[in-house]
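What follows is a structure written as structure tokens; I'll ask about it next.
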Amino acid sequence: MVGKINGNFIGKDIISLDQFSPKDLKILFHHTLKMKKIASTASASKILSGNIVTLLFYEPSSRTFGSFSAAIKQLGGQTIEIINPQKFSSVAKGETFEDTIRVFEAYSDTIVLRHPQVGSAQKAADAAFFVPIISAGDGIGEHPTQALLDLYTIYEKFKRLDNLKFLFAGDILYGRTVHSLLRGLSLFKNNAVFLLSPKQLKLSRKDLEYFSKKINLIEIDKEKGVPKNADVWYWTRIQKERFGNKSLYLKVKNKYILTPKLVNKYAGRNTLIMHPLPRINEIEKDVDDDPRAVYLRSQIRNGMYVRMALLGLVLGKI
Amino acid sequence: MVGKINGNFIGKDIISLDQFSPKDLKILFHHTLKMKKIASTASASKILSGNIVTLLFYEPSSRTFGSFSAAIKQLGGQTIEIINPQKFSSVAKGETFEDTIRVFEAYSDTIVLRHPQVGSAQKAADAAFFVPIISAGDGIGEHPTQALLDLYTIYEKFKRLDNLKFLFAGDILYGRTVHSLLRGLSLFKNNAVFLLSPKQLKLSRKDLEYFSKKINLIEIDKEKGVPKNADVWYWTRIQKERFGNKSLYLKVKNKYILTPKLVNKYAGRNTLIMHPLPRINEIEKDVDDDPRAVYLRSQIRNGMYVRMALLGLVLGKI
Amino acid sequence: MVGKINGNFIGKDIISLDQFSPKDLKILFHHTLKMKKIASTASASKILSGNIVTLLFYEPSSRTFGSFSAAIKQLGGQTIEIINPQKFSSVAKGETFEDTIRVFEAYSDTIVLRHPQVGSAQKAADAAFFVPIISAGDGIGEHPTQALLDLYTIYEKFKRLDNLKFLFAGDILYGRTVHSLLRGLSLFKNNAVFLLSPKQLKLSRKDLEYFSKKINLIEIDKEKGVPKNADVWYWTRIQKERFGNKSLYLKVKNKYILTPKLVNKYAGRNTLIMHPLPRINEIEKDVDDDPRAVYLRSQIRNGMYVRMALLGLVLGKI
């Protein structure tokens, strides 16, 4: 069942950030914090004991796969792990996507689905008779748990998601995580986001107009436009595959590299430095050891915690 | 140890339906029903706690793999999952099949084997020193747990496997599940099976003669020969790969499509509509919602239950 | 943290046999024996309950993968299993090896790493912030747990690793397991090793000089040089890929085949017949049933036991 969560996660498909109200996020984040404690205790949790979750990944994704697998097992649940089912016999023989979903719902209590095609998660939710579908990303569409972990990481630090000043850098036009984050932040008041990107990768005019109703958006394309003491820096990768014109890519790809020098000049004492990963060269390795940089630390672990909380809530176990 | 089960499953290799007597099926199905209850309770079973089962799949098979994986985990057991070992280093370096079997028997309490070559399951059973082999299908040979789940699905509905009227449709010549089912039904009395297929896909004359000794077989090739109120309809896919002659395939492939109209005209109030899956287009989607159609519901879940029972019995835990 | 173990395994990376002193081996083997008992009891162990171990295999290896997977699950732990991450999206997009390691350390309590490149295990240990790395082999470099299981198998039989007489046969020049074993044996006194190989596959002069300081090495190239009643025979495969010159390979490949006749002529009543596997044709199948031949029996299982002990010690659970 897709639809607004409205305070009740049990049995809900998790397809889009749009299903979450600020109150739903509060519930989820409350449990996420608890999960952090559960994961750090030595004793094994039994919260998902007796539950089986299918990880149905139509494209491999080591981080998201590992994070969901760990989340389930941290809670004492079990997994059925199917990677690239399209190469498996049934699907290769011409079985429909809907039939495949219905096979795996027969074996498990929920299906975590990763698929390269936009809309697949919704299609799976429509096909499933009995169990909820949790999207682990559908192509250039949504990746709700990535957005939730980003929001939680910010919330964990500042205890709020309003009245914050952000710097987003890199690919603002195509970056899926950037769009999800904007959607999440637009649920809250008085946020300002500086968008640092080359002209070719600015937010679409339609999105600019849409999000400007909720967020104060400031487009910049030069380092000197970076605000001092933003609460959050969110860096992203510029993807080669977005450029038909190779020389254009070469021109912009190294335009906004996050260096210790940049951090020293513009970041504040409490600025959270985030990146959705994978990181290629857009953040210099020397930044990794900065305690404000969380992309290789709490941001990854928070992905596991938020997925633990989501699974526990959807399966009605917490 | 391959051989007749004779009421004692412990340590037996499960290679063929021929190992089962009616009494063995009764024992298995008695436990299968119990497994259904165990799987539907919220608390975790410990029946296979401490047991490790290797899933050694020389060809991927999402349904059978998922079903065995779920069956083991439903009972609190653990798996070692090896898909396509022939691409793994040891086997690629020239290790014999027998040595591979003996490596995995060292790690686990039983090996569930899927292999594309007929006879592999027997070969594995001969190679294993210590642990039983459970076949998950060997090519065009046998797939005993598929046959068992089909028989159980019928048994669950009618509480008997004798005195039943069947309609089998599609590929009667090559269909592995059809042959297994005939073999299973021939253990019981007074069964009648209508075989609906194009002339090119009729049962071989040898098989017709053999099974006719036990079952009343009626060959038909037109819809109008379909009996009214059969107890079970078992539909199958016509496989392109069976036809050297492409135009012949195109001629027969859509000859027997299961439609709501056909159901309304010939099926009875209690007719069980089955299909071994994957289904391509030989059953129209509109039939899926008919409560008599179990191929996307209990038939799949019964596969998990019957495998749970079989594992529990072979490992001596129930 | 790589470095000498010095009696304390907790949190240590396990990269090389050089980290182990005779006393460390004694501790490990003491626990390995206990693990053997744990694995053979019917009840499930909880020693690694609540622990998650990532199996990060950059090349598939059915035996080592299966052995680690079984070891973890025998102790009640859970796994995140990632095979060929280089084909997964993040790594394919250009993520560094170090970042990948740091992602998986966020999800798990230790990472078992298999990688085709020499030095990768050390590189992973350097990259990991929080969790120990256990090497499952890095290319033609080290494979410490293989060496440990070989040493344990000898220790289990003779209750000592000194004052033993060995016969090593096959590829003495390139064979990784042979080198590891020589390194292990050189920690102990009064060992003698007969090295049976074709001239082209003799130990390098440098290694000969180095190991001769600790072990009495005797090079032979004819069957008649084989000593009577050696304590251990360690046979290895001659790898085709080592020979640029194909005719040279054909000349030597079948030079030292272990046959029942050879066993009868030279082996003693208590000679342990070992092979690291995979075995191609260098040991005749008729030798398999000889009770002195342990390569398809205790040698494989000991791999699981020694990995159980190592994991328990590194994770501080035993």
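Brief remarks follow.
Going in written order, the chains are labelled A, B and C, and every chain counts its residues from 1.
Quick note on the criterion: a contact is a pair of C-beta atoms (placed from the backbone, for glycine too) under 8 Å apart; a residue touches a chain by one contact, two chains touch by 3 or more.
Just so you know, these numbers come straight off a predicted model, no measurement behind them.
Matching CA atoms, the turn from chain B to chain C amounts to 120°, rounded to the nearest 5.
In summary, the pair chain A and chain B forms a contact in which the copies contribute largely different residue numbers, shared numbers making up under half of all those used.
Each chain gets one centre point, the mean of its Cα atoms, and the points for chain A and chain B are 41 Å apart. Residues of chain B in contact with at least two other chains: 81. Taken in their complex, chain B has these residues touching chain A: 41-45, 59-63, 65-67, 69-70, 73-74, 81, 237, 277-280, 296-297, 300-301, 304. The touching residues of chain A, when paired with chain B in their complex, are 46, 49-50, 52, 54, 76, 78-82, 85, 87-91, 93-95, 99-100, 102-104, 106-108, 129.
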